[in-house]
Amino acid sequence: MPRSEPPQDASAEILAEIARWPIFDPHTHIDPHRPAARHFDEVLGYHYYTELAHSAGMPTSQVDPTLDPSVRATHLAGYLDRIDSTVQYSWLMEIARTFHGFEPERITPDTIGDLLAKADKSATGPAWDHEVWTKSRLEKVFLTNDFDDPLTGWDTSVYVPCLRADDLVLRPHRPGVIERLRTATGIDVQDRASLKAAIGRLFEHFTSRGAGACAISLPADFRPRPETPVTSSTPLRRVIQGLPTRDDERQEASRSVFWMLAEFCAEFRLPFDLMIGPAREVYPMGVAGGRDLFDRRVSLHDYRELFNHFATTTFVVSTLAPDAAAELVAYSWIFPNVLPMGHWWYSNIPAYIEGDLLARVQALPKNKILGYYSDAYKLEFIAPKFNMYRRSLARVLAGELMGDRGWTMDQALQFAKLVLLENPRRVFGVERGSASARI
Amino acid sequence: MPRSEPPQDASAEILAEIARWPIFDPHTHIDPHRPAARHFDEVLGYHYYTELAHSAGMPTSQVDPTLDPSVRATHLAGYLDRIDSTVQYSWLMEIARTFHGFEPERITPDTIGDLLAKADKSATGPAWDHEVWTKSRLEKVFLTNDFDDPLTGWDTSVYVPCLRADDLVLRPHRPGVIERLRTATGIDVQDRASLKAAIGRLFEHFTSRGAGACAISLPADFRPRPETPVTSSTPLRRVIQGLPTRDDERQEASRSVFWMLAEFCAEFRLPFDLMIGPAREVYPMGVAGGRDLFDRRVSLHDYRELFNHFATTTFVVSTLAPDAAAELVAYSWIFPNVLPMGHWWYSNIPAYIEGDLLARVQALPKNKILGYYSDAYKLEFIAPKFNMYRRSLARVLAGELMGDRGWTMDQALQFAKLVLLENPRRVFGVERGSASARI
Amino acid sequence: MPRSEPPQDASAEILAEIARWPIFDPHTHIDPHRPAARHFDEVLGYHYYTELAHSAGMPTSQVDPTLDPSVRATHLAGYLDRIDSTVQYSWLMEIARTFHGFEPERITPDTIGDLLAKADKSATGPAWDHEVWTKSRLEKVFLTNDFDDPLTGWDTSVYVPCLRADDLVLRPHRPGVIERLRTATGIDVQDRASLKAAIGRLFEHFTSRGAGACAISLPADFRPRPETPVTSSTPLRRVIQGLPTRDDERQEASRSVFWMLAEFCAEFRLPFDLMIGPAREVYPMGVAGGRDLFDRRVSLHDYRELFNHFATTTFVVSTLAPDAAAELVAYSWIFPNVLPMGHWWYSNIPAYIEGDLLARVQALPKNKILGYYSDAYKLEFIAPKFNMYRRSLARVLAGELMGDRGWTMDQALQFAKLVLLENPRRVFGVERGSASARI
């Protein structure tokens, strides 16, 4: 749509400045024991590349997990020309050039050998982790930890733990889940009361290790409902004890655990990171990580009771369907305890980010805009993904705030700092002990 | 999305010209007995500021209705820095500067005193109304009148009455509503027939006072259905007589009254102003006016029978969910009697307006595009809100019509005049007595 | 939304180049026996003009099919000023100027006579077809053929047949449909088995004549389901034999025939062209072709089982609701056998095309982007409609690939060639006999 154009120079100047800032990344899948890639296959194996290459014609067998990593990487390189216009490919090239000094114009079966050699960090792993961290100017990187993760063996002040709750909410009936909970907490979970006690124990454990959030992904048809002992005791007991259960009983159990988590988030002042929308295994024949999609018919209206009931819980929300973005703007505009997270997965391309970011700038309190998160599995991806967002942010700020509202460069940069650093720092941590849990 | 950019000069030239034109505002909540603000608290008390400040962290108690207005305004001023990037804040600053000569860069607890003094019109009320009217170049301002408003005590040729039908359609079972209808019409409403007669009496009263429209806001789950005596007589009678009713009976009664209104709109040649989508009291703990949201899963497909049945009723339609905008374009493109109204509430920010306005320009007959309405509660807001729209309109016309289609400046301005003035004048009034009720 | 602006010169240079290329048009409603218009009424009678003029106030009687074509055209000309800002009007003017040397600024009742005379090709029909073909640089034009079309009497290598399956899937219970199938195939269709054999015969016939696709439009509430003899035999038999059927039986029959078609598309390596979303006869009083709309609450999630089951069938998909576009991007990104087609009908305006095209460029393998189709009824429309798309494409490529990614002009043009020509040629034909049916 035609808009008063961001002064090109202003946009470039903002970008040049904010690209030098540290990165606060409030949601990733980084393994703190092995944060950066040791082999370039760990970069090329990111589901974006395997799924796009597969979508473009590559058989899944070409990236089979049993293959030698170099073979797998070489196979994939043979298909990269088909996806070289994607923004995901641009992250890949930025990694190759920035971190590995790769100079050829393209990654192909001919040039991949050189890149694999340059990116071989098997001998220097931890030093390489440090180098990527430093070069990317990382400040904090949030993790996604299983509920029974001991959270030991790394510096949790920089690799910040997050309690990932999908297993507890969506799969408590699956074999082993409750047993893992018993083992992790030392509580003999048998019913609603002992389950709740055990979950409380998890929150104690996670917050004692400096956890930054409790995170969960929720399918489009999930409907939060208040949990009461009367309705949930029997379904929970049956699920916990591994008895046969009906669909409605498993749903009641899921809703009950979810509601308990929201309650503990309030008690422990932990933001509840809701990622709404994925439909799992929609394409089961796809590559690992490339099988999920969504149903766009989703609404935050289904979450109204939750947002009201837990007025002191901070909900940081991502929605997966790009066309649902405007609704998140409206709910964040009204509910003090609802904040919009960065742009997630299928919504994470500039075509969707920029329009939505402009709406957030125009309609939301500036202290509630939470910038971006990388969702990365390897450290190398954080900077390129943030740079993509920074480019969009620079354009929006130059166009809207400087162009249309007459803000100065300094004011625009203050705004960028709030969105990229100060808001995430405050919401996810530094001030969590203070009186107001909301902002 | 990248587009051939509007020539900056052309856009600015269009804006400079159309900003000088009179304003025809076909939907507001202005009180004709007290149209402009006497105290700046009446400006700062607009729900956009109280709800955004609350969303940003301000307790609702800070703007409690029982507080002294100056105290309330000062409280709110303490939170304005958190929302100074919103487009709503830009309206506020435009009011402060344009109408009150406020010069400081920001409204803060330090500077609010000066502003409150400057904006104190308690002694000069009517003269101030006149000054704002003149300075804003207002031509006509449509009101939103309760069905039992006597419509006396003001010049209805400039403050144009509109019959607000929410009480009759959505709340006839609430205590007092039917009694008010009896009192207003002098008809002893007891059943379907007398109800219909009473509603007819309302239309006579409103049109005799120059009413411009019948307006109603409809929730996302409202489904219009044809009204017949067979299905509606009993539910209507039970509702009217205050007997206990089931949900389905109240819904049938609502649909019946709604259908009658559409019929009277046809008979009295009054546009039916449908505002589709709000979900009421979604956040009941919010500030006054800041508790409603929406469910985005709404479709005009539910209104097809209505649009067909009342082919001679002009439906002027607003939809609340921004992502529903494209559907309104399509329905306005096909149905002669469906016209798209301005951008409403959560859709009323340039990020949503411009993309949708571009689509309307590209796909709709130009004599059906209805510009903008302010939805304002105080006269001061009309000009700043229209100026926001005019800026978007200027960009779209410069980019699309002049840039892409090669129109001249004069042609673009003719188009702007049609959209901003001539179409609203025709649809809402001047030519309503003529043969074609549609356009 | 503010974006780094496409260098104006680059965009114009790309457009100038690609406007010279041949056109491969994979979906039209051209009549191969009479492809170009003999009378300008055949151009003005396109539903876009009659429905927009009607929406703008023209009574349907003004374009009644029984009127003399010149009278009808003159009537319509009287309303064109009301729709002269639409992009559809711009196609009309391009036709008048390019093909008929029409010089006045506008088509009005005063100037239409001259245009009708210039566009009168009753005496020189086939030569005119040839002239339009050549001037438009058409390469291949796909047709939409009834299943019982003999497919004779024209050169099927340039006017490529497509099997239109709506009658078989959506209306097999309607009188005459099965009889037409019997006549066309010589098979005495009486039950599921003979129906399947007959449909197989159609595929043989169509592919023997070089068919390019099997195409169908599907309503928003259509839900594909696997077909099995157990569930479908009885409903199919009852429908085939014209016995009374319930809604659920007709739906089962529809789903069964649809599933069979997908199976034959796999067997005969024919792309299955799915056009998802229209709601038929929503405005029954409209002009011919101007009565259909859509319900935006549609999701490709309903098609997941189909896309999985027929992994070797290529599904080329259009969705009608503009706000559903992002979902098609996601499904095309994951499913190798799902490809996004051009922008259809209510989505076919630059306001919707450009944002979506940008997303496709950023997120999809470049060998899966299928450019555009005209959906035209007369040859004259193909070039203007493609030119509209080419303009959007040039802007996106200049802005995104050259501006943001640093591609050269040559690289951008290679990309354009892939999208406009090479991908459609490959997917719809030339390589269909090769091993991979997917891309």
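Letters A, B and C mark the chains as written, and numbering starts fresh at 1 in each.
We adopt the following convention: a contact is a pair of C-beta atoms (placed from the backbone, for glycine too) under 8 Å apart; a residue touches a chain by one contact, two chains touch by 3 or more.
None of these values were measured; they are calculated from a predicted model.
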item	value
Fraction-based call for subunit C against subunit A, same above half, different below	different
Fitted rotation between subunit A and its twin subunit B in degrees, CA, nearest 5	120
Centre-to-centre distance between subunit C and subunit A (centres being mean Cα positions), rounded to whole Å	39
Set of subunit C residues in contact with two or more other chains	1, 3, 5, 297, 323, 351, 355, 358
Touch list for subunit A against partner subunit B, complex	1-5, 297, 299-301, 304, 307-308, 311, 323-324, 326-327, 329-336, 351, 355, 358-359, 361-368, 401, 404-405, 415, 436, 438-439
Subunit C residues within the subunit B interface of the complex	1, 3, 5-6, 8, 11, 51-57, 82-88, 90, 220, 279, 282-286, 290-291, 293-297, 321-323, 346-347, 349-352, 354-355, 357-358, 391, 395-396, 398-400, 403
